[in-house]
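Dropping the structures in below, format is structure tokens.
Two complexes are shown next, each including chain A; its partner changes from chain B in the first to chain C in the second.
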Partner chain A sequence: MTSHSIKADVSRAIDEIRSAFPGVMLDIEPDTEGGAFVKAHEFDLGSQFEPARSWSAFRITFQYPFADIYPHFFVSTLRRKDGKPLGEGFHPNNQWQHPGGNEPATMVSRRSNRRDAATETAALKLAKVLDWIRSR
Partner chain B sequence: MKTTFQIDVVLFDRLDRHLFPGDGDEHGALILAGVVETAHERRFLAREIVLARDGLDFVSGKFGYRALPADFVARWSNYCVRENLCYFNVHCHGGRDSVGFSDVDLQSHQRGYPALVDIANGGPIGALVFADNAVAGEIWTREGTDELDSLAVIGLNRRRLYSEPPSIPGFCDEMYHRQSLMFGEIGQHYLANTKVGIIGLGGVGSLVNEYLVRLGVGEIVGVDFDRMERSNRSRVVGSGAADCCDWLRKSRYKWLRQVGERCAARKVSVAERVARAANPRVRFRGIVGDVTYLSDAQELRDVDFLFLCADSMQSRLVFNALVHQYLIPGAQIGSRVQVDKRSGALTNVFSVARLVLPFRGGGCLLCNELIPAAKLQDEALSPEERSRQRYVDDEEVASPSVITLNALGAAQATNDFLFHVLGLFDLSRAKSSYLMHYSRERIWRAAECRAEDSCLHCGTTAASVFARGDRASLPCKN
Partner chain C sequence: MANQQTHDHELAKHRAEAKWAATINDQLFPLARRKLAARDILDQAGVAKEFVLVRDHDNPNDVVLEDEKVVDLAGGNVFRTMPRCEAGPQRPCTAPPKLAFVCDDAWEVTLAGKQTGHSLKRLLRLPDDADLLRDFESPNDQVIRNEDVVLHADGPVFTARRMTLTVKVNNQPVRFKERRVTALQLKKTAIDQGVKIDIDSVVYPVKPDGSLGPAIRDDEKIVLHECDAFNCVAPDDKS
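For the complex of A and B:
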């Protein structure tokens, strides 16, 4: 994938994700505005889920780091092993919409209402979302 | 091409106290500056000052009375290269309203500045000499030298410094007679030489445009991408039925309605017509565009004041960046009507005029949590994405908007602009707070402004874009 149209702040965010999650493979697709669609393969979500591992996808927009990064998308077949509903914050039957095509996904929406652009990176946000899912 | 300097009042007061402590002696300092360069102006933007300590960093000179030691110059010129800033050597002379470099000063520039220009990858670099109420400057690049035309101190009031008192034309157009009785011909001259940007020329921006032109502002740059609709006519001043192509839009045929939509007047065209009717001499430049695109935002880099009259958070972020990155004082204006969703009853009605000045505590919209990160993300989504991801929020509906509410904010903010540009604020009593008018209570309230050291727009960390000018990027689309 080309990355020549991705803004410097967004590229830096992608590099930080690579550093924070060594071994995780990233698919990067530039949007038309300087941002990027990112799909990361893959993460352990916890043994309470089936499947226990999933990719995570999200969009970093051109006004990063001022803009929040949400929602995050995960595999569409995600469910709890105990049969209970996924619960608040999870939105099954959604789609990861990106230039390469739309794919079925489970949406996880975690807004950062008092986000500090100076300290909250895309990598930190991803780590927080993964921690939150694992704690469900 | 004009060469100017801008410095915020907090930095300037620190520099002024250092240069003029009351001992009548000569003192030295450095200003490390960003820069903005357009076809008409090169404007330096003070980001940091370094005060040279007497006897350590400012010592007896080999050729002149005082000089900065070579190691001090080397340390800070290298810092400027690393930080991509322009290096300015500063000292003071006696006197009040006029000042100039001495022959010894100019000879020292000739000896040292060619090497400094090389260290700074071609510059620009330079020197400033201050008197109590004056400044002169010399700018060096590989192409040659330039003299500084003026320096503006940006606070609640704007203060102008020159190398000698400027000559002001004694004639004032009779059109401005009554207002010039308040602030004189010199005030009218300053207004005629002021360039103002307006983001958004709808209900609020059209009023600001009219007020500015009638005050006698010389140059206006208006940015709006939108066309007129019939529902705008109750608020956009100077608009008429023909601007909205009402007769086409009411057609029973869809294709005629579409033609009507395409033929409706641009809001910038309406604003230009209003401006030229009020003052044929005004230089009005309408940009059919959107400040979230870099090329449109860059058109506002060299204005002297900036009004934000658009209501998107993306525009708000770009406005806040322009204010702090380019040291442009500004004002954000808006109004809000809150209605109880169940009963439909009015719960709150207010208008706001937020002065946003480029210094610590000056009203940065980021520090005051007025640019929600979630809204920025939401506005970046395509309509399909937004529809798919909407799960709690209500469907988007048009917000209530009333010309009289818009006028409260627009008049307050434009009056703030007038008092800022002409230096009319009483600094012992006026504060750079946000003002809100609560119409149902018939009351104005002020809100104090917070400031965060780590802010990426107004903060003091290396990551901040404060006063970096063209040497940092704007939060815009490619």
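For the complex of A and C:
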């Protein structure tokens, strides 16, 4: 499998993530359908969390831009500093499953029910998820 | 000669009336007059006594200003603060000071204290058709024509009127009559002009390099510039 198998729309989405988050490094793995598994290193999640920084991983499927991108995965050890549960929307004890292997992760599942395929990019979705986490 | 004297008199009067402001640690503070003691400036910015004022120059040797030092804002109105205990002996500073020109509570920093009306509009990212006025303490603000010479030393605070700004919202042009709007006003204006977004959309600024700024809250004020771009997307739901 080579990068040529990633669909143009998905490649564009990856480029937009690079532009939207300068300095963030991306690990890209193509899937077998024209989509890609993306792991982005790394983001500030807020001082209320420990660790305060994490990678974020997600899959952009071949249906993009017509399919939403969710869930997003973060470091498995993510917890609140105040000892309270992470809360609704967080799913600890999960796994980021990708062609390179499975790794323990915290899943954050945020669906965009009113998503507009013309405007909501993978980068904006990631920004929204990060903002949502930071606001917890 | 008489005309020149009248002009000089008017200019001197204007200088006395001009509004002044300074940026301290990247925040804007209006100040009562051109010359103030450093401590008075810090007090207006709510800075604790443990800090001293530092004038920002175009090199690493910024100038520490002792509390009683009278500061002429015409000699630089961009400052930061540092803990008093860290303000040791200074190296001589020969670099020019940074100058902030202010328009409607937004500002841009330059080293050039001499501008024209046109270059100042460009610096402040105002549209060419805007009316630029120097803001005075009196209601009689001074209209600045494109060809007029504008000196920072005559007052760095301006206001803009009668302008039309066009920004992009979800890649569609949206025109505004004012520069300072809330994110909610931005969305309402965009919707009124046919952009298909919901009023509860999340607003993200898109920087010229394509990077995304942080989401803007509905009640948060934005200073619009020509060609600014925003993306508005529906908020997420729990899945």
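Definition applied: the second predicted complex is superposed on the first by the 134 of 136 C-alpha atoms of A that agree within 3 Å, B and C clash if a C-alpha of one lies under 4 Å from a C-alpha of the other, contacts with A are read in each partner's own complex, and residues count from 1 in each chain.
The rule is short, and it goes like this: a residue touches a chain if its C-beta (ideal position, glycine included) is under 8 Å from a C-beta of that chain, and two chains touch if they have at least 3 such contacts.
All of these numbers come straight from a predicted model, not from anything done at the bench.
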Subject >> chain A as common anchor, with chain B and chain C clashing or fitting >> reply: fit
**OP:** Report for A:61: first if it touches chain B alone, second if chain C alone, otherwise both or neither.
**Re:** first
Original post:
Put simply, what angle do chain B and chain C open at chain A, by C-alpha centres, to the nearest 10°?
Top reply: 100
Original post:
Once the shared chain is lined up, is A:113 touching chain B (first), chain C (second), both, or neither of them?
Top reply: both
**OP:** For A:40, decide between first (touching chain B), second (touching chain C), both and neither.
**Re:** neither
Original post:
Can A:122 be said to touch chain B (first), chain C (second), both, or neither?
Top reply: neither
**OP:** Considering only touches as defined above, state whether A:95 meets chain B (first), chain C (second), both or neither.
**Re:** first
Original post:
Touch check for A:78: first (chain B), second (chain C), both, or neither?
Top reply: neither
Original post:
Where does A:70 make contact in the superposed view: on chain B (first), on chain C (second), on both, or on neither?
Top reply: both
Original post:
Which value in Å is the smallest Cα separation between chain B and chain C when the structures are fitted on chain A?
Top reply: 8
Subject >> Intersection of chain A interface sets (partners chain B, chain C) >> reply: 70-71, 109, 111-116, 118-119
**OP:** Please give the residue numbers of chain A that touch chain B in the complex, ascending.
**Re:** 5, 7-9, 32-35, 59, 61-63, 65-71, 91, 94-95, 97, 107, 109, 111-119
Subject >> Touching residues on chain B, where the partner in the complex is chain A >> reply: 314, 317, 366, 369, 371-374, 376-377, 380, 382, 384-385, 388-389, 391, 454-456, 459, 461, 463, 473, 475-478
**OP:** Spell out the part of chain A that touches chain C in their complex, as residue ranges.
**Re:** 16, 19-22, 70-71, 88-89, 109-116, 118-121, 123-125, 127-129, 131-132
**OP:** Over in the complex, which chain C residues touch chain A? Could you list them?
**Re:** 170-171, 196-198, 202, 204, 209-212, 214-215, 231-239
